[in-house]
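In this document, chain identifiers A, B, C, D, E and F correspond to the written order of the chains, with residue numbering beginning at 1 in each.
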Amino acid sequence: MIDSKYGEHAQVLIQALPYLQRYIGKTIVIKYGGAAMTDEAIKATVMQDLILMSCVGIRTVLVHGGGPEIDALMGKLGMETRRVRGLRYTDAAGMEVVQEVLAGKVNKQLVSLIQAGGGKAVGLCGIDGGLLKARRATAGGEDLGFVGDVSAVDPSLVENALGAGFIPVVATVASGEEDARVIYNVNADTAAAKLAMALKAEKFILLSDVPGILRDLKDPDSLIRAANPPQIKSLIEDGTVSKGMIPKVECCVVALAGGVKRAHIIDGRLPHALLIEVFSDAGIGTMISKD
Amino acid sequence: MIDSKYGEHAQVLIQALPYLQRYIGKTIVIKYGGAAMTDEAIKATVMQDLILMSCVGIRTVLVHGGGPEIDALMGKLGMETRRVRGLRYTDAAGMEVVQEVLAGKVNKQLVSLIQAGGGKAVGLCGIDGGLLKARRATAGGEDLGFVGDVSAVDPSLVENALGAGFIPVVATVASGEEDARVIYNVNADTAAAKLAMALKAEKFILLSDVPGILRDLKDPDSLIRAANPPQIKSLIEDGTVSKGMIPKVECCVVALAGGVKRAHIIDGRLPHALLIEVFSDAGIGTMISKD
Amino acid sequence: MIDSKYGEHAQVLIQALPYLQRYIGKTIVIKYGGAAMTDEAIKATVMQDLILMSCVGIRTVLVHGGGPEIDALMGKLGMETRRVRGLRYTDAAGMEVVQEVLAGKVNKQLVSLIQAGGGKAVGLCGIDGGLLKARRATAGGEDLGFVGDVSAVDPSLVENALGAGFIPVVATVASGEEDARVIYNVNADTAAAKLAMALKAEKFILLSDVPGILRDLKDPDSLIRAANPPQIKSLIEDGTVSKGMIPKVECCVVALAGGVKRAHIIDGRLPHALLIEVFSDAGIGTMISKD
Amino acid sequence: MIDSKYGEHAQVLIQALPYLQRYIGKTIVIKYGGAAMTDEAIKATVMQDLILMSCVGIRTVLVHGGGPEIDALMGKLGMETRRVRGLRYTDAAGMEVVQEVLAGKVNKQLVSLIQAGGGKAVGLCGIDGGLLKARRATAGGEDLGFVGDVSAVDPSLVENALGAGFIPVVATVASGEEDARVIYNVNADTAAAKLAMALKAEKFILLSDVPGILRDLKDPDSLIRAANPPQIKSLIEDGTVSKGMIPKVECCVVALAGGVKRAHIIDGRLPHALLIEVFSDAGIGTMISKD
Amino acid sequence: MIDSKYGEHAQVLIQALPYLQRYIGKTIVIKYGGAAMTDEAIKATVMQDLILMSCVGIRTVLVHGGGPEIDALMGKLGMETRRVRGLRYTDAAGMEVVQEVLAGKVNKQLVSLIQAGGGKAVGLCGIDGGLLKARRATAGGEDLGFVGDVSAVDPSLVENALGAGFIPVVATVASGEEDARVIYNVNADTAAAKLAMALKAEKFILLSDVPGILRDLKDPDSLIRAANPPQIKSLIEDGTVSKGMIPKVECCVVALAGGVKRAHIIDGRLPHALLIEVFSDAGIGTMISKD
Amino acid sequence: MIDSKYGEHAQVLIQALPYLQRYIGKTIVIKYGGAAMTDEAIKATVMQDLILMSCVGIRTVLVHGGGPEIDALMGKLGMETRRVRGLRYTDAAGMEVVQEVLAGKVNKQLVSLIQAGGGKAVGLCGIDGGLLKARRATAGGEDLGFVGDVSAVDPSLVENALGAGFIPVVATVASGEEDARVIYNVNADTAAAKLAMALKAEKFILLSDVPGILRDLKDPDSLIRAANPPQIKSLIEDGTVSKGMIPKVECCVVALAGGVKRAHIIDGRLPHALLIEVFSDAGIGTMISKD
């Protein structure tokens, strides 16, 4: 007789149907980083999730950073990290390392994993096709070297890749707004949010190292499942959202203002967090939406 | 904390990935009938399976008969079933009932179920767009009335519907080869097999009321999981395949000869039999293929 | 010598030229019923007219009812017609008969006649592709069973068929607005008018059993050749238009309000009434237009 | 009551249906000249025929000469016609006149008539887009000046015009094969036949000043209605086909050899000869086909 | 060793790059006439310029007159030129000559030169496809015969030719607005300007016999390199722009008002004036633009 | 007066016309390396050449290596170069450096230069979209680590980029044939030649540090301007072609065998060597072609 597990499996597929109907043909932009990118086992499940989403027809875009790998190469090269008002200063030699690691190593390794899993991917960075333009950033008026703020997004190259069935994998270095030969390191969360806006994405997902916004950081059960921008504002004001979580929620709010339907901060340490978020009613992490 | 079931669900989706990669963009023709069509609970699962398959991008075609419903209306009308050499004779009044039940009632009801489930379907019959042409059939030389053998298939209407994202649902009445105004009742299994050939389908699936070809009809564990056409020939010769199973395996063999990659006889009484067959390695039923 | 009749024939073709230039590439929706559908000789000329119109490139849509055939099958089944405030009440068994006769028998027979004449046709009903949605109708607050009012039209399936060169033949049963599995019988004149609106048709033609609107019902020479909506309103108010003609002119007025250029009530008993109306200056019947 | 003539008119349209079904979407090349071009009343009927054919979707191409008009301008300019072995010698000044009259006057006047009648036409000559290439012709080894034999046809410009719904009107001057700046006068019958071949035309129609091939030139009833190439050969050998008719039948035979289905020599003096030939079973003139 | 000239040549190509980047894919309409058309050596360089521009992907349209050639043929025919208020009166016979020379001789000769140089061209006139419609012009209320003012432009035929990679060469005769069979002679400068408007051209270039607008007609160094419409108005008012230059600048101003970006009056006597204007910063002639 | 230099410039553009006509719409693959890539001034001229070629519509592909930059980073990291039979051995850490430098630094820097010059470029490597597959290479049976031989090319991603108007810039790292996660360093000359084959390129150009094949290495005037494959074989056999030139000519011969029309070895140290080769008759370097 047929194993009963197959019937259960079919049930699971059927439960995914409403989510398939909702997202097929739509664009989902995922910011990838943190533990989900350093833990090889978790990374393998993220790749599977991306391949599945792209395979069924969801227009899937992956944006990544790569801080730890940059630090590692800088360390090997004996380069010291200089900080200005707590922010990393990037000199010309450092920018070269950033570019090599993000666009050469991390980006192409992610592409190789997707291709190895039977998916189709193309590795891009903000320089390609004028995708991301940046202007020099400062911290309290002080120069940060080759650190930039994304000032313009031209998504045509990414749309071309999506139209041809590829998963665009994007490393967040950008060309200078005034001189495209000058390369800047840009914040990956913000770049991903701005790309999501330019692509009129249905969803923007931040894979992070926390379960979402917690009322009490020590209590995972205190997860705030949903919030709208005014509520986010209050949460920042009352200190519930603090430190490193502030820029994350802020780029979610920016994405919504720019037309993205829903932004999510989810726990990338959870295996298959993407599939669970996209194809079930589990409602993991915190969803930020206008309503 | 996130319920562990979601992780398991994600696993199931990931297990479906290789099958999605194999069948998306390909055509699967399903002959639907028997218990799978009379049991309302099972019918509901078949509809879900079709919607899911079509939703992810498998070109899904449903061909159906409707014997019991024809008998029911004939009964109400007090029409008697005349048989010639064991085969039903269809007179003009009977043909009218066949057409009304197959193309009017059963066909459109299936369409309504798919549409109600969020799928897109269009109900067709062999008359539409010259889809199925038939010539008058005989049994041992004796006339069977308006019973026909499919003599030509023009799949362009079905391909048009598939191209626009619809599930074509096909009732097996056909137009006369010489006079298109004369309508014939044609065998649904054969019509489905010939349509699968004309569409160069990847798979042809016969939903039946048995688990597949059994070496011992009383022992479900004696299922023959795979056979090629020469083996099928032997199984008929040695009596393993007999009676009503003979025409079923024969139309599978015909489909293969016409270019269909794989034909399957599976147990339609099993909930979600289609999903289990298409998206898992369960290997339910008997697969007939050239290799 | 060449027979002089050929020269005359050429003259006739040339007289059709301005009408060809006006209507090729445009959409004409025809409501078909009454004597034009029951008289086999007339029916044959209607089919020829449709084939010719479609062949030269007029986007031709046929919408039909089938009252007499429904009554016939109900009669054979011993079903009684119950009336509420003069309107037919349709119970579940009756609805089944309606669906069988309209979508199974009448619809597919019309398709077979067009195909037999060398045209291309596809038989659809309001259930297919969500073409017609209905909500339960009432008569003076009293329930009429499975009788519905068309509440939404999704013409994409019909447009797809027209784009592929087919004549869509539409049976007027519809899916429930809230539950697509519930099927309703809808008024064919209204359904045709609403489909004409949704298709932005150039012309909407009602084939009826009268010469058009007559000032004096006993005098065919009292035909009103043209009227605009305000004039129609007056004609209803002064009793010139009365009884069964009222809903007919009202659905013409609705079609005009929805963007259809011209609506016509013409005498379907006249052989080739469609060709005469579309390809000549004969001005048969009554034309209702805004100007 | 409706005038009975409209019923008869509808009958005529219906009789045209099989011919519409056969020729819509196909290409018909017409060589236009002789009385059909000089008699203004007849010319008007030819224009109507072309507009009608193009309007319903027949890909209609008109190729014309213009001998009498050339002679007229030459006369006014006091230019004498020199003949070599009975053929006109064309010097540089004469070629200028040919080009002016054919491509400037006759061609554009035909275009203006089609446009005025509501058709869409574009006037081309063999120079445009490299449509017709010619090499210098000789008569028995003696030079004929700027008279050329068509050596190559590039139909892409004509196909482009047909694809955009225009009737290409083609004047038969051609560019030199070796030097495109040298313009040649080419025989219009042959150029039309070669263009018909290049376009894989369904029909090639020569509008002439005779009823077709006659067994007895004095007896119109002796018309040969159909002949195949071997029969044509015999008719030339036995003298039935003689003088000016020989090159006409020969270019028909050449067209057939090049893939054109049917060639016709018909009487252009007959009003609406084209419509009668294309849309009826009148079988005017002589049809030359392979079978 | 490689000749140093090749390095210089490469430099020249590189200098053309910004202009290529600006104009590829854009439309440039050129009015061709005067010395540039009568001097064979200059004509050859104009043809090369057009071929090059079209080859790299600039949508290039050539509009031409042909006054001297018309006069020549009229002279040969002994036709006298009658003038009304200083303007040429065109009678029916004269119009025939205009049409023959412009659309038959000059137009097709230009096409033959482009084709001979490896370009793709098609010769059109205002009659073709209803390109130019005109209404009868008058001079101070007095009739000028078949002289017309362009009243409507339908650029679809020209756009079709551009889309297929051809250079449309347009002779400026037009069809009557009310009766398309009546042909009018229209001013070529104005017709070109109106066609440029209809095509939303980037540039409109008038090839003339002067260096541009000169402050002092005797001093070529007094060239006004750029002017905007108000400045043009002043230049007319103060008499700097006078006589035959007035209609030229006026049709430039009209073109600008109709959406053309830049209009140029340049010296067609200069070899390769078009290339110099389009592909360099030479700024020959006078540019008229809004800013 | 207009400067005479503009006339000369126009002449140069006109001289480029036949080459534009020959190459627009065709594919040219350029292998870029050596001095042309290390000398910043020369590099700037190469970028200009690429932008110009792409701008006018030549499908331009750039394939690059980056040996010196790899050595530089390895040096900074204190990595020693191990050699096996004279060939570099690449261990895992070395491969990481290769990937970072080629795909991250050199590739994206080239893209930034093209974008800064107004061109459109996208940086790819052999991993992206499965572009280049490799199997492990050996030297005389001895392992070379992560050095691979190109075993398969899937040019679809490059064709997609060309179709969208981008210059694909390709770094020559490849995915393992059996396990796409394993990355190999592949020879850039060979990879470029194989990509040229897969793209059915018209031209394959190797930018090298020599003038081409010299009969006498000390005498630049001894340049062999053209050779066919048999002649190349002789030149290798007689020692004229030796050492590092052997693999270069061999990959040219391979490209020709695979359908590329012409292969060129030209001196990349010459400013604008590409433009001179493509747009003039200078015939710099050695051309290898079948005839």
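In this section, a contact is a pair of C-beta atoms (placed from the backbone, for glycine too) under 8 Å apart; a residue touches a chain by one contact, two chains touch by 3 or more.
Note that the coordinates shown come from a computational prediction; the quantities given were computed from them, not determined experimentally.
If you take chain B and chain F together, the chains in touch with both are A. Minimum number of contact steps separating chain A from chain D: 3.
In the Cα superposition of chain D onto chain F, the rotation angle, rounded to steps of 5, is 120 degrees.
The pairing of chain A with chain F is characterised as same-residue: of all residue numbers used at this interface, over half are used by both copies.
One simple way to say how far apart two chains are is to compare their mean CA positions; for chain A and chain C this gives 56 Å.
Averaged C-alpha coordinates put the centre of chain B at 68 Å from the centre of chain E.
Separating the CA-averaged centres of chain C and chain D is a span of 45 Å. Multi-chain contact residues, meaning those touching two or more other chains, do not occur anywhere in chain E.
Taken as a graph of touching chains, this assembly is arranged as a ring, one closed cycle with exactly two partners per chain.
Contacts from chain D toward chain C in the complex involve residues 1-3, 6-18, 20-21, 24, 45, 48-49, 51-52, 55-57, 118, 220-221, 267, 270-272, 275-276, 279-280, 282, 284.
Listed in rising order, the residues of chain B touching chain C in the complex are 73, 76-77, 96, 99-105, 107-109, 111-113, 115-116, 120-125, 127-130, 156-157, 160-161, 164, 166, 173, 175, 179-181, 183.
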